[in-house]
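Take a look at the following structure, please.
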Amino acid sequence: MQGLTVKELDCIRGDRLVFAGVALAVKPGRALLLSGANGSGKSSLLRILAGLLPPAAGSLAWEGENIDEDTEAHRRRIAYIGHADPVKPGLTVCENLEFWARLYGLEPEIEPALYQFGIEQLADLPARYLSAGQRRRLTLARLAVGQNSPWGPPLWLLDEPATGLDPSAVAMLANTILAHLANEGVAIIASHGGLLDESLSGHADRLDLQDAAP
Amino acid sequence: MQGLTVKELDCIRGDRLVFAGVALAVKPGRALLLSGANGSGKSSLLRILAGLLPPAAGSLAWEGENIDEDTEAHRRRIAYIGHADPVKPGLTVCENLEFWARLYGLEPEIEPALYQFGIEQLADLPARYLSAGQRRRLTLARLAVGQNSPWGPPLWLLDEPATGLDPSAVAMLANTILAHLANEGVAIIASHGGLLDESLSGHADRLDLQDAAP
Amino acid sequence: MEDIATFLNMGGHAAFVWPALGLTAVILIAMAITSTRQLRANEAALETAEKAGGGRRQRRARGGAEQ
Amino acid sequence: MIGMLLLIRRDLMLAFRGGTDAAMAVVFFILAATLFPFGVGPDPEVLPRIGGGVIWVVALLAAMLSLERMFSADYEDGSLEQFVLSPLPLVLVALAKIIAHWLTTGVLLLVAAPVLAVFYNLPAAAFLPLIVSMLLGTPTLSLIGAIGAALTLGARRSGVLISLLVLPLYIPVLIFGALVVDGALAGRDYGNLLMVLGGFLLLALAAAPWATAAALRQSIE
Amino acid sequence: MIGMLLLIRRDLMLAFRGGTDAAMAVVFFILAATLFPFGVGPDPEVLPRIGGGVIWVVALLAAMLSLERMFSADYEDGSLEQFVLSPLPLVLVALAKIIAHWLTTGVLLLVAAPVLAVFYNLPAAAFLPLIVSMLLGTPTLSLIGAIGAALTLGARRSGVLISLLVLPLYIPVLIFGALVVDGALAGRDYGNLLMVLGGFLLLALAAAPWATAAALRQSIE
Amino acid sequence: MLHRFANPARFSRIAATMLPWVAGVTAILFIVGLYFALFASPADYQQGETVRIMYVHVPAAWTAMACYTFIAAMSAISLIWKHPLADIAARSAAPLGAGFTIIVLATGSLWGKPTWGTWWVWDARLTSVLVLLFLYLGHISLTHAFDNPARGAKAAAILALVGFVNIPIIKFSVDWWNTLHQPASLTRLDGPSIDPSMLTPLLLMGVAFTLYFVTMLLVRMRADLAATKARALRLNAAE
């Protein structure tokens, strides 16, 4: 049992059963594309996988081991990108990225990561002035920092990572993800279709959360 | 000279010249799709067209009349949707929509508008609990409220309206825009390609801001 | 000599009169110095900027649908 | 007019459902005033002596603290842009926000003030002047405050800036408000002091909505 | 450890570049303390009598006001989720945030306090006790405050809630802090009062980071 | 872009030629004024020698108020006609006004101790001057609080206009409320009621302070114009 396995997952938010009986298995080197209508629970599922939200029922396992048994270890193997950009307007692009890289104990190879997402000229600009897409690129650049080190987290959980990105940035993101998969990484990506899905289609399975709607 | 005409527009943000010499003309019943890399100035252009940002140089005219001469009248003909969702978490979906509709002096036909964007079952949910896409739908529903009244604003300025929407919601949005165009409305839409562009392609011109980069 | 002493004494109010005048002088002079310094610095900066890229920008009028 | 009522209603709804947290100001008012006896010691001579002043100072601080949120939520989520584009003139938007602010802070302070007056053992003669002076004074606080809140939208260190801009203009209100209470306690006539407070109010009412609207318009770019 | 230093450094950078507006607390401290003479009247007898208490109360309020922003920015922009997922244990994250909070409020209050003491005409004998008591007391305020700030993340009316949760726990610190100053003025020995303040600090230091971390973890869902 | 600097460029030239002359006259007036103030005028029969503080206190007060009035006028021009020089004039004047206000407060306090027996009282005149200082400080901070200088200028202009209500309050506070402070004896409708031997140095110092303000204003405006121009050049070069 390699990679991530999930069985019989239920999710309740507030009073509502969002989805029930979700099962999935993703092997190293593969991606999983989550689709489903707005409100079908993609973000909720990703948060459950990250351990940020307790599931109502069901079990998660990594390499065959239940993650409840060592949540600490599970945290270390995750890179999670949510809807919001954890970017501080008062810090420069470079400072923002460096902070996260260091906090995650990664060698701060900031320059190449910025380059990988095409924001190297913005390095010294306070993040306050970034456009929506530039800010998203900065958030994503964190993935590139850890990528080539042995400590880079193997499980990427990306919630609509391509929002606001222009086509060239989507291509940069797709390349980053493909490189991660080539490194035997796992990626689970919520998306509504579009360029990113197409670029990844050779390496990805799909899961439509609509099918798990109660 | 019908519709919106723009000549020789320059835009400066902070110390940077973002674009220069932009010219465009959109006739009633047509849409204009703005494209361009992240940071190329799409949002800035829309804000200038809405009168929210003063241009560094250039002129805007509606039906041949310079809009500087009657900014009051210009405001009334605009529906502007930005990157952010002006949605109050503490109010319900219905209350949120009703507030904006009434403030704009529109008959509050809330139900059909919610229906038009597929969020009618959420009407009494506090907006705090909406998913990202549901919140975007709520923001967009405002367009539907004014649409069939004679006071509905003729000029729609939409900044990446389809972010976070699932394909069925994109179709709803496209239908809303097409109905607006059929009413002799004008729409200017920033986007990075995708489903929305395709659905509108028969009725839309394109402007790539990359060409206006200094 | 005594004249100067009585003058400096200010009828016993030297501790108030002289600080008042002195402080005024200090503030006025300080404002004058900082202002002229700023003028010099900014003019020097302007000169370097003029040398660096004096070339006026030419417009590239392009873009737009249905010109 | 309808637009203003709508806006006031919305702000009140948000305040009382916890969005902008109106009760904060009163709670702060009450808690801060309650803390003083702990700090100063419950000396039965000193407390009534300083009571009127403390109540006024704390009311001022409470009003000032709630200023920062007056426009900032609307600024951040893009509602303010929509107000600028709405058919309702921006002056009326400003006035509506000011009224809503007063209803959710000033009025509540007014209600809480007598309770604190009892708490500080103020003589009964001071109650009426305290309340009347606050009735005339607190709307002025909201009006002046709105200008400061609007001017500092999007500024660096806006919290500090608001205080710096607004407090000096609050000081006259504080001085006269406290003088009214002191005057009443000393048995002096305080009628013309109230007139001065009323004058401040009229002045602020005439100028503040316009200045606020101008500041709001330039805050958007 | 490196992670903690990083986090503290980031928070200080943000504070001093105006992001979270650290100076706000000190400015509030100074302004509020300056306002009292306006309200109470500049009676040269009353002022030194209440000076120590006023300074302590205002310091308390200043610390409390800055609590709401302690975690909220990180909560809203998703940074807090990332902290939970980071290799740095959440207790240390909490401790780092508390230290940063103290450095940007407590320390500044400490620096401003002597100035205010002069302003209130406090006798020179009261200076050292005032400063030492604040040195022991303000970290406790940050520690206790962090629990409240974390507990109320995402709650409706979080501002009010924080005050209600935190102030009762602040009152002991206030009482003993003010007693130290009063004792020094009255020529009494205040050594054991300082011991009590130190005890509060140790207690808070032992418990607060864990409680804060637990509260932070449950705030995310 | 360029037309916006055409007019300022001319201003800059005129200012440059005017500067040495105004500065020279200012220096001469200060010397003559101080001579009269310190040597050639008698001590006051009531206040004794402390009256010599008046010769800096009162001119500084006049200039501080005149400076704020000037800023308010420039702000109105900037908001209504959007003349770029008006913004520059306003933000160049504000620190000077703050300096004058500090002089008024300091010299007033130093005068108050021997005459009133206290450094400070919370009366309307003194409080309103303190408010004036805060208004200046607020104006300066607001000008620099935004990343976009144009926004700072507009916000500060609105503040300057709002704060203008304070000026009549300063001016007439001594008439409206009875205080310790001297009522106006010079700028009265029925003519000055002051001995000519004291009037001469006072007027001389008043003109000297005003000219000092004009000189410094010219210097600061030229400095600001140079900075603005350099910024515009950098903008063009950055393409």
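Letters are used for the chains, namely A, B, C, D, E and F, taken in the order the chains are written, and counting of residues starts over at 1 for each.
By definition in this document, a contact is a pair of C-beta atoms (placed from the backbone, for glycine too) under 8 Å apart; a residue touches a chain by one contact, two chains touch by 3 or more.
This is a predicted model, so every value here is computed, not measured.
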Handout entry: Homomeric contact chain D-chain E: same or different residue positions, threshold half
Key = same
Handout entry: Most distant chain from chain D by Cα centroid
Key = A
Exercise for the section: Could you name the chain whose Cα mean is nearest to the mean of all protein Cα atoms here? Expected result: D
Handout entry: chain C and chain E: spacing of chain centres that average the CA atoms, whole Å
Key = 40
Handout entry: Averaged-CA centre spacing for the pair chain E and chain B, given as whole angstrom
Key = 46
Completion exercise
Where chain A touches two or more other chains simultaneously, the residues are 83, 129
Problem - In chain C, residues with contacts to at least two other chains - result: 57
Fill in the blank from the handout: Residues in chain D with touches to at least two other chains are numbered 17-19, 156-158, 164, 167, 171, 175, 221
Problem - Interface residues, chain B side, partner chain D - complex - result: 47, 50-54, 75-76, 78, 80, 82-91, 95, 99-100, 102-105
Exercise for the section: Spell out the part of chain F that touches chain C in their complex, as residue ranges. Expected result: 38, 43, 48-50, 52-53, 56-57, 60, 95-96, 99, 102-103, 106-107, 110-111, 113-114, 212, 216, 219-220, 222-224, 226-227, 229-230, 233-234, 236-237, 239
Handout entry: Interfacial residue positions of chain B with respect to chain A in the complex
Key = 13-14, 35-39, 43, 83, 122, 129-134, 136-137, 160, 163-170, 192-195
Handout entry: chain E to chain A touching residues, read off their complex
Key = 2-3, 6-7, 10, 13-14, 17-19, 73-74, 76-79, 81-88, 220-221
Fill in the blank from the handout: In the complex, chain B touches chain F at residues 12, 14-17, 56-57, 214
